[in-house]
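Dumping the structure here so I can ask a few things about it.
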């Protein structure tokens, strides 16, 4: 047999690694989310200008971070899949996309809800908000391209090309606030000169960020596992067809 | 190889002019947008001049977007793309020829009429000059990036919308720097930095575009 | 010069269309690919023309595997498919000439003459009858030299006269050391062509 | 006959949704215009609100114009139009079915999202309501008049540009009264006269459109 | 029930393709239109199907001139052309069913069965092989009853098995009082069908 069908079916080592990580991710999600929400909603001081609406931040900002991070992860694993033809990398990218889209959506919605008290409107067409909307479109496009090809190997490649080309949007979102002055807050946590905000806000923010990350890892593992099993099934079906 | 490259460009340009599909679609679309706009927003010169550069650039972007899906689709449908792909021209070069033909037929005509339309939107002379320059330098990116999207979606059932989703985010920097160049010229500031940026983007996409598009084409066709 | 196919299998949409297909061609030989509707003839020809990737198996041209390195193979074969690749905005001659130039060193006018297309040379390609379109495609094939012809239903829509015309042309191609793989449901009545049954496998 | 009429509409709607060509082309075009615009002209809320109604109507007109040429072309190319024309449905009714399918697939989705986009352009609530109403009443004209142009140019080589030239002048009244209705609502004036006018135009084209389009189809096909 | 054509002439792009063509069909009869590529077979069939206007001549159905008043003729005939009219976004069954319903009182499932399309019924029409597409079109024809069949190259792309299948179906159509006009370059080997040579005129 010229090509080894089983390399798709049997990433055994990978499966055993992720089943070790999985319980940790579940517990971390529960604990960190609890602590982060408690600190954000009850411990952190209300803002002297914004009052309690500032608490939307603890949902919004980490969600926006995740949206960007997950796309970056997707692009990296797409590159790995494209260059080293590692099937698990493609599957990881595929499995991550809907989670990233969900975080993007969350950031958009919470941002819009926050915008009403802060800017007096749900939406403005500034560079960051627009590019974030486009990130959502990119996620959707990425998911759509997986559906558009019958052949999964082809779909993986096409989706990888799309993810890599689209990665240009990430720096655009990241630096949009610096390049064009807009309504949106400039970076205040991850700047060159260190965080610019008080630790009573920074700490719950970081905890929420970690909680979201743990949640992402958890869902990702579930989805990758499902993908691998499904693919194994397909390979078996094809092998079955060949027997006949 | 060069001869084949130019033959392919010549054929595509000839077809576009004879069939009138690409040239007239983008050109008439461009003109229609600029004509309808004052009818829609009212004829106040100050408003028109204020939004003029933006309207012109957006119209150019849209005209390009609309013609993109024809870049490979027509040849795909009648089987000519099969023959081109198995022919002696490397696929990257083939893509480059298609991109050049697309730019010549769908975008160049529009740059030619842009100054006249800009005048009708009450843009000052400096702005018009900057606009033309910015279009010349910036639009090759549109064709080059567009080719990647067109290649990935050729023959796909819901190709059109995917194509837009794919290339639109990548068009936005061109739009923003393009408009910035015109605004700078109108405000009597230096346009050079914006044009340099546009040029840089074009060069970058000249390197990456054909490679990615060729990979996409091979993928969609096999 | 030789073309050989070893243990080819083809999968389309979760189905194995055929597998274990092997054959080889030496100069002057032709193979008639036969089989029922849907047996995979067109798929096999597309694989040979590098338009489709086989599920497994190897194809070699002069001993080199073309799936890995098609360099020498490109330009050595021509493909005629179901679609006619004719541009309605160009005349018959322009259509043929473009492809001929694209493949290099071509003799367009004798190819036009061969399939009686001289009177139609300046006619736009979209008003041709079905059989005339086919003739234009055969003329495209004949215009530029290639060692291997890959022909998918070359006879459909041709009348008897042109079928025999084409048979003569194909025989000449073979006699001058060419090779051919063709699929058709009509009998081309070519002497000494072997046939490959695709149904047997399924 | 009614059964066939509805079957044809159902088929066209189904095809449009499955292929995603028409629905997504017009819808994504509409959204893209509204997304790109603020990037081009800058995000100032006052400017956006000022030009909002015009931008929305122009975008709707263009989206309609872009999808028109598919109304008969796809069926023409694969031979289905031949079978439809010789079938038992009178050609006028056939055209009406095509028009309804076009409106449902290319225009209705766009009216559904229009309020959201209008909100993002900072239009006030009254304006949004008037916009939706005006679109509902005015856009059938666009499909009906468009059908005439599409029928006359089906299968024609330079059909696209001819189509735009033919129907565009007839679209302008709709654009003008449509924008006027929204502007009136924003200015707290009565929108009724504008809407009545739009309704009148729609009724008129409902009578004349299918007749003219059927004649056009018979002409282009034989 | 009768179909007759009198003194038909056809012009395309400044050229008289044929003239003086007359024939008539009674129930149970079939006519094989023959001729070289470009002789005008497809044009003649399109004229009979009301898709093309003749330059002169008359066509009558049950004695009425259909060029003036096609009312009774519509619905009494079916046309099968070069193009397959298949929508790639619909399945095989949906495609057939649409046309069947459009013509009224149809029997889709037995038509599917007749051309062995049951296994393909839920397959999207664009992945069919050439011959499978033809079979879908033949099934469309068979699904709704019509007195006159106008068939342009019904055999192209069909394998032997389905050619004979189609011959049987056509014979049954004729035996039950149907009529047919068909153009093909392959011999359908239908007993007692007359033939009409188009070359004679040119």
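By letter and in written order, the chains are A, B, C, D and E; residue numbering begins at 1 in each of them.
Please note the rule applied: a contact is a pair of C-beta atoms (placed from the backbone, for glycine too) under 8 Å apart; a residue touches a chain by one contact, two chains touch by 3 or more.
The structure displayed is predicted, hence computed values, not measured ones.
The chains that touch subunit C as well as subunit E do not exist here; no chain meets both.
For subunit C, the chain whose average C-alpha position is most distant is A.
Chain centres here are Cα means. That of subunit D falls 37 Å from that of subunit E.
Chain centres here are Cα means. That of subunit A falls 49 Å from that of subunit C. Per-chain Cα centroids separate subunit A from subunit E by 58 Å.
One simple way to say how far apart two chains are is to compare their mean CA positions; for subunit C and subunit D this gives 46 Å.
Multi-chain contact residues, meaning those touching two or more other chains, occur in subunit E at positions 82, 88-89. Counting partner chains per residue, subunit B shows two or more touched chains at residues 18-19, 157-158, 161, 165, 168, 172, 176, 222. Of all residues in subunit A, those touching 2 or more other chains are 127, 130, 134, listed in ascending order. Of all residues in subunit D, only 3-4, 7-8, 11, 14-15, 18-19, 78-80, 82-89, 221-222 touch subunit E in the complex they form. Listed in rising order, the residues of subunit C touching subunit E in the complex are 12-13, 35-38, 42, 82, 127-132, 134-135, 153, 156-163, 185-186. The touching residues of subunit A, when paired with subunit D in their complex, are 121-127, 130, 133-134, 182-183. On the subunit A side of its complex with subunit B, the touching residues are 127, 130-131, 134-135, 137-138, 140-141, 144-145, 148-149, 154, 157-158, 161-162, 164-166, 168-169, 172, 180.
Per the touch definition, subunit E reaches subunit D in the complex via residues 49-53, 74-75, 77, 79, 81-90, 98-99, 101-104.
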